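Several structures are given next for inspection.
Two complexes come next, and they have one chain in common, subunit A, joined by subunit B in the first and subunit C in the second.
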Partner chain A sequence: MAPKNKNPNGENVVPEVQQKKTQALILKSSDGEEFSISKSAAGLSVAIKNMMEDDCAGGVIPLPLVDGGTLARVITYLNKHAEDGASDEDKRKFDEEFLSGMEVDVLCDVALAGNYLDIRGLFHDVCQRIVNGMKNKSVEWVRKTFRIESDFTAEEEEQIKKEYAWAWEGVDSDAD
Partner chain B sequence: MASPSGQTREPNPGDPGLDHLPTALIATIMTKLDVPSILSLASTCMTFRSCAAHILSFLPNFHLLDIAPSMDLLRPLLPPDNPYLRSLKVDCTRLDDSSLDFLLRPSLQELCLRNCADFSGKLLSQLGHSCKDLRFLYLSSVAEKRTIS
Partner chain C sequence: MDPKASTSLSPPPAKSRRRAVPTTFDALGNDVLCMIFAFLDVVQLIRCATVCKSWNIVINKLKLVQIQYHKQTDSVSLSDVSSFSEKSINIEMERLAMEQQRLSLQEGPVDIFQWKGHSVGYEDPQAVVGCVDGKVRVFDMYSRKISQIIKTLRRLWDTRVSPNVLYSMHHLRNDKSTLVVGGIDGVLRIIDQNSGEVLSRCIMQDNRNVSNHSTDKNRVVEKKKAIRLSEDDRIDLMPNRPPITCLAVGMQKVVTTHSDKHIRVWKFSCK
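Right after this comes the complex of A and B.
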């Protein structure tokens, strides 16, 4: 082994070109799960990228606000978007499928993680998906779909109905 | 929300809903909605109601052309101290010259007023005076009801 492939401690060092591709980080979720991710994929998160640049990452990055299930999803997203040779069309299809099956609680968790980790594409897509689910829908439909509990009194409810009745004229049928 | 199979899962009472998101995030989502949908959402619970009131005070685009609002309806939706209001589109069928001070704001860059039949020529003079930053203007049926004397 050529000396330039050894670091000062005499350990083997991966040549730089190869290193760039295989270099990995460990992301640690709030519930202690550890995930390995390439630096190029992790760098799609502005928050993680900043931590890497400030060199305060030290190989393991704890993410105390993201649980394991959510982090696994986010990493799937990042890996796809960092994949060599994935066309924009591939990514678009992936994004659509990635979000389409999500329940409301999962959507909320992914929105929070996307915001916290500053992954703009993901955050934008999740918000857009929530927005699309609300446009032109009745109050009852939005409540049921997004599990929003009404905390209005009967009088308040009545008042709001009077005030805003025009806003939901011509909304989509709840059966849709 | 429908799952890929087209069936909606029964809500689990333990699952948190959208109203548990931080208000800043709710605000981000709400700013992407059209005005009627913001009001629809505002009618679901207290969190969204107060969030909507907040949103309306800095909304850059206020477009309401599906209905012809009265002044009473419009007043709470368009807080006078919104410095970010850039684009205003309103159906003015039920408005007249008395709404001009309220509608013509200096921050506006785009203005679309439909069915201005009850406005007088004061609309144009006040426009030039108040909206110095305007880049796009659309008016329809201005002063149609004015009689020729």
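Right after this comes the complex of A and C.
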């Protein structure tokens, strides 16, 4: 990412970005865990970047909406995406593996953190991942997967289904 | 530390102990839910609207926005959104869904799931029958009456749909634009219901190297890619075209049976 610049005398100059990168921030989770993260990685979060630009990012940044487990995951993601020399292909592969093992509740946590910290790529991918779990699935399957209890009466549900009969053509069997 | 920092990312205090129970969808709140639902298409949205009341409310709001968007992009005169009755929303949503059906049949990528079998059933109260007099008749399977005759004034279409015999055709009940036909040449054709013009032709890609997925202990389902033929592709040079003996159309998918004892499900996606 940061190219090695040479000044007119032919000496290597460390670009400003590089210097920034070595500096670290401390992020503190809701349950009191502290994580060190480079400024360049943390800057991928628009929320933290804004704080840095406003000079509010000195010392420890408390993130009271994000628990330690989730924050650790988010930081893993940020570090990978801020890594020098990681190609887009590397990142894409990483993203896929990063999300593939997650249970629904973890996905929700990460989605919330991604939204709260305004990490667009992460939030987008998590939403896509959650939505993939709904595509072509029956309503019962969606309820089970996302642990939602229906608060409709049987009659109400029947009524909605009747209004939109065409939407129920071609639902996958739940085994797919 | 700077007081500004703590205010800018400070939550309502009650939420910080939320981790005691696993996070559920409720915790996402309407804003995040909205953004997740924005990834769904019309049909998925309607299905998800029956999951629970809070989803229903969020989705009903989204639907209004979508309709408004389509009204604008279609440059239809803008009427006040609040004047939409529940009924006209339904009609509008159906129109959008059928539009999506048409586009995915015509242009979207196609996956084929193929397995051995010898018959296919489909739950749809209507059947479309092609007749020797060139008419296409739509039968209601319950009353056994003809519910709609697509074209009756002249021979259905002046253009020949296929150089070969057609064995089967079908369309989605509410879809007024496209018809899917299959015949002896094994090519799945997407046809304009009104003009008879062939909009797209699909066959299965001849790719024997693709690994077979065994999703069931008793039968092997193979996943294949379909390819869309261009105007000047010569069908007679294309391999792997078992005649289509029967077909049925569902939302963004077509089920076909073939004379070589295969059943295929063609899944059409949005572009």
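As a convention for this text, the second predicted complex is superposed on the first by the 156 of 176 C-alpha atoms of A that agree within 3 Å, B and C clash if a C-alpha of one lies under 4 Å from a C-alpha of the other, contacts with A are read in each partner's own complex, and residues count from 1 in each chain.
Quick note on the criterion: a contact is a pair of C-beta atoms (placed from the backbone, for glycine too) under 8 Å apart; a residue touches a chain by one contact, two chains touch by 3 or more.
Owing to the predicted nature of the structure, the values given are computational and were not obtained by experimental measurement.
**Q** Specify the outcome, clash or fit, for subunit B and subunit C once both structures are aligned onto subunit A.
**A** On the superposed model, which is not a single observed complex, subunit B and subunit C clash.
**Q** Under the stated touch criterion, which partner chain does A:54 make contact with: subunit B (first), subunit C (second), both, or neither?
**A** A:54: touches subunit C, not subunit B.
**Q** Under the stated touch criterion, which partner chain does A:100 make contact with: subunit B (first), subunit C (second), both, or neither?
**A** After superposing on A, A:100 lies in contact with subunit B but is clear of subunit C.
**Q** Look at A:31 in the shared chain and tell me whether it touches subunit B only, subunit C only, both, or neither; answer first, second, both or neither.
**A** second
**Q** One more residue to check, A:150. First (subunit B), second (subunit C), both or neither?
**A** In the superposition, A:150 contacts both subunit B and subunit C.
**Q** Check whether subunit B or subunit C contacts more residues of subunit A in the superposed model.
**A** Touching more residues of subunit A than the other partner does is C.
**Q** Who does A:89 touch here: subunit B (first), subunit C (second), both, or neither?
**A** Once the two structures are laid over each other on A, A:89 reaches no partner at all.
**Q** In the overlay, answer first, second, both or neither for which of subunit B and subunit C A:64 touches.
**A** Second partner only.
**Q** One more residue to check, A:133. First (subunit B), second (subunit C), both or neither?
**A** First partner only, subunit B.
**Q** Across the two complexes, find the residues of subunit A that touch subunit B and also touch subunit C.
**A** 105, 108, 111-112, 115, 127-128, 130-131, 134-139, 142-143, 146-152, 160-161, 164, 166-171
**Q** Where on subunit C is subunit A touching in the complex?
**A** 1-2, 4-6, 8-11, 15-16, 19, 22-25, 27-28, 31-32, 35-40, 42-44, 46-53, 55-56, 90, 93-94, 97-98, 124, 172-174, 215, 250-253
**Q** State the interface residues of subunit A toward subunit B in the complex, per the touch definition above.
**A** 100-105, 107-108, 111-112, 115, 127-128, 130-131, 133-139, 142-152, 160-161, 164, 166-171
**Q** Residue numbers of subunit A touching subunit C in their complex, please.
**A** Touch residues, subunit A against subunit C: 30-31, 47, 50-51, 54-65, 67, 105-106, 108-109, 111-112, 115-116, 123, 127-128, 130-131, 134-139, 142-143, 146-152, 157, 160-161, 163-164, 166-171, 175-176.
**Q** Touching subunit A in the complex: which residues of subunit B?
**A** Contact set of subunit B toward subunit A: 1, 3-4, 8-9, 11, 15-22, 25, 28-29, 32-37, 39-46, 48-49, 66-67, 73.
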